[in-house]
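Chain IDs A, B, C and D follow the sequence of writing; residue 1 opens each chain.
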Amino acid sequence: MINKIVRDMAEAMQGIPDGATVLVGGFGSVGQPDTLIDALIEQGASDLTVVANNAGTGRVGLARLMELGRVRKIICSFPRSAGSVVFEELYKAGRLELEIVPQGTLAERMRAAGAGVPAFYTPTGYGTLLTEGKPTAEFCGKMCVLEQALPGDVALVQAHMADRWGNLTYRRSARNFNPVMAMAAKLTIVEVDEIAPLGTLDPEAVATPGIFVDRVIQLPRTAA
Amino acid sequence: MINKIVRDMAEAMQGIPDGATVLVGGFGSVGQPDTLIDALIEQGASDLTVVANNAGTGRVGLARLMELGRVRKIICSFPRSAGSVVFEELYKAGRLELEIVPQGTLAERMRAAGAGVPAFYTPTGYGTLLTEGKPTAEFCGKMCVLEQALPGDVALVQAHMADRWGNLTYRRSARNFNPVMAMAAKLTIVEVDEIAPLGTLDPEAVATPGIFVDRVIQLPRTAA
Amino acid sequence: MSETAFAPLSRKDMARRVAQDIPEGWYVNLGIGIPTMVADYVPASREVVFHSENGVLGMGPAPAPEDADPYLINAGKQQVTLLRGGAYVHHADSFAMIRGGHLDLCVLGAFEVAENGDVANWATSANDTAPAVGGAMDLAAGAKRLWVVMEHTTKDGAPRLVKKCGYPLTAMGAVRRVYTNLAVLDVTPQGFAVVEMAPGLTFEELQARTDAPLQMAQPDSEPGETA
Amino acid sequence: MSETAFAPLSRKDMARRVAQDIPEGWYVNLGIGIPTMVADYVPASREVVFHSENGVLGMGPAPAPEDADPYLINAGKQQVTLLRGGAYVHHADSFAMIRGGHLDLCVLGAFEVAENGDVANWATSANDTAPAVGGAMDLAAGAKRLWVVMEHTTKDGAPRLVKKCGYPLTAMGAVRRVYTNLAVLDVTPQGFAVVEMAPGLTFEELQARTDAPLQMAQPDSEPGETA
């Protein structure tokens, strides 16, 4: 019987090596897998490359992981935002590499990794600092840059419901980067609010089919 | 008020010019917009380039359009199948250009057109007759070919339900190429079984958001 | 010359002025700041479909506090609602809408717009420590039309409509139209063309606050359609 | 030498033999012909998720005629069912699963397989009028493992396991393992390695029906994992 639902967080996080590229879902705090990030802090892997839209806020979660010196590099579109104090400190101190990627290129690079496209052309960012040194070519009169797929070793994903095959649904705009990262990583670990019996998720409305999911852990129910 | 639902087929097909590239949804007969194809036959545009997975069967629909000499070129993955007699006659007689594209490359080229990617690399087809003469490059030790986006002037799409904003749902495997073609064409025309009041389609389960749809026509109800 | 008579537009008025030019049926993405306010001035009777980078198409106004849904935010991370007819997609599909040319319009704020349509809105210098680009480059390069709404000058009075951008570019040749507190200007092959000016402002006064040379627009030009 | 004693596998037995090697939990795409029959021989107790190019993941067996759903077919255009846990996606997403390396296994039929893993299965000559490729090139290039199941020779007795393919290629160096009516062979850096032979068949008899030189596989080799 296929059963991707793991019993505890230690099993969920097993085998994430030092040096891994970790894709972290969410857009701001919405859809961000907070519990898995805390578990990664606990798990201990270091020298990580983190791919996320934002670079953490406050001193918890992603910011805490960075503050502990476990992140070598962050790849994101919008690092500096209200409360991104840890990021700013580390970056100014030269203790964190930063790759800024236009948000759509970031999403498309991960989708490309998941879809077997090693590189693609896009007009986004042509003629700007963010694409300096990248190969360029003209298509239909538009100058474009060549962008590379961005695969992850691990994706940390937050979803709403999952079944034991790993099919996922999300809640409204909490979908965001999560399905894209799920398909882009070798090992996709998902935190969910609810486990649905197999066959109860609408097959027309599964946002991430189980083929993209390796492990699912149910979050403890919080008081409503 | 946005209302993409048109009253009759003449309005649905208005403005398709000679020489247009027409993307035709469906995989075999499932999800194929038969009524729109008949309307295109009626409408009269010629010198068409048709993009479809298959090249028609029998002497109706797509095969009829070809038999009438209205198709200059067909781009597909699987032209020859049981009953593709018109295609075979025309092709042997040299009266039809043919571009065979691996099925996934075909889907990805249209998705690329819809997503603003003018060209992408793929290992599919490298070293085969179908990619001869295309630029190649190596990524992570794998040889790849550069494939171009495949945009349509028009897409003919079959869906199950639509609302007046053009949001679409499909029926099971009738989804196939339809959502991809809807996003790849300048003018997307959709035949549907049912019109749903705005707000009744589940926003988590819309397979083609209305932004990709221009015109919707409801099929006459057939006796069950 | 006397400059006491003219009335610059307020931020709200700028948003209202942009909203006037958005016809029914357009798919529109609004950037952070004044652009976000534009939605408030599109009359409810005129259906415009607002898109947000984080996968929301058919975004509605902010909810009443008691109806706030923590899972439904816009790209500015503010709580929003979904209109009837709205849909959710993931980030790659959301940016396919942007990058594939499916948005009729994007309205962004900016630091500078050049007379050739170049726009700079994400970093204030090449040495800016950790600037944040978000979706600006995708929107500027991808939308069918890019309009910029911004103050005509900096707080120090330095022009923002320039011959050539001094700040790092967001996109080259992307801007169609600029709405400022002093004027509405189209970007044309001949440079900035003034479509209208704040009440009481003269062409000469506008030119004095603008780095790039200005000309008056042809009276029959369509909103933002001349570039 | 006498050749009366050996028993070539039937098409059904070939499908059964392939099914033996598919472990629980794999995501598998089956080509048209014998490969399609493989699904029938995976025991119901062993969960394997079958994928079809036309956007069906979790495909089940053919329905009873009265339950046939005209909107649910497989890539061979046969009516199928959806298992609990199945899902529908569009064609680009379906091929993302294939091309992105998410399928554990693809089983295809073929005309020829070369000792370096090249496979030819879509056209019988470069001058073939209008050959149909379908998803074969995507599957061959994209799946984690490609197994081929085919008759060991043509009807005329010409070998299909060759030093170099004569027919137009589907993909280069893609095949891991070949199941024929006479043998199971791994593609290794040293060429074809015989894993097992039809009952009664000798190595020499197998070699006589094979263009490429054969060797016996190491006894501890994993199914299809040696290449």
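By our rule, a residue touches a chain if its C-beta (ideal position, glycine included) is under 8 Å from a C-beta of that chain, and two chains touch if they have at least 3 such contacts.
Keep in mind the model is a prediction, meaning the values are calculated, not measured.
Counting steps between touching chains, the shortest path from chain A to chain B takes 1.
When chain centres are set by their Cα atoms, the one at the greatest distance from chain C is D. Pairs A-C and B-C differ in how many C-beta pairs touch across them, and the larger number is found at A-C. Our note on geometry: chain A versus chain C, Cα centroid distance of 30 Å, whole angstroms. For the pair chain C and chain D, the distance between C-alpha centroids works out to 55 Å. Distance between chain A and chain D, defined via averaged C-alpha coordinates, is recorded as 35 Å. Taken residue by residue, chain B touches two or more other chains at 108, 111, 115-117, 122-124, 170, 172, 203-204, 207, whereas all remaining positions touch fewer. Looking at chain C, residues 82, 88-89, 92, 95, 98-99, 142 sit in touch with two or more other chains.
By the definition of touch given earlier, these chain pairs are in contact: A-B, A-C, A-D, B-C, B-D. The touching residues of chain B, when paired with chain C in their complex, are 1-2, 111, 113-117, 163-165, 167, 183, 198-199, 201, 203-204, 206, 209-212. Listing the residues of chain B that touch chain D in their complex gives 27-28, 30-31, 77-81, 87-88, 91-92, 98, 100-105, 107-108, 110-111, 122-130, 143, 170-180, 207. The touching residues of chain D, counted against chain A in their complex, run 24-25, 27, 47, 49, 51, 57-58, 82, 84-89, 92, 95-103, 142. Across the complex, chain B meets chain A through its residues 108, 112, 115-124, 137, 139-140, 142, 144, 148-149, 169-170, 172, 202-205, 207.
Touching chain B in their complex are the following residues of chain D: 52-56, 69-75, 77, 82, 88-92, 94-95, 98-99, 123, 126, 129-138, 141-142, 168-172.
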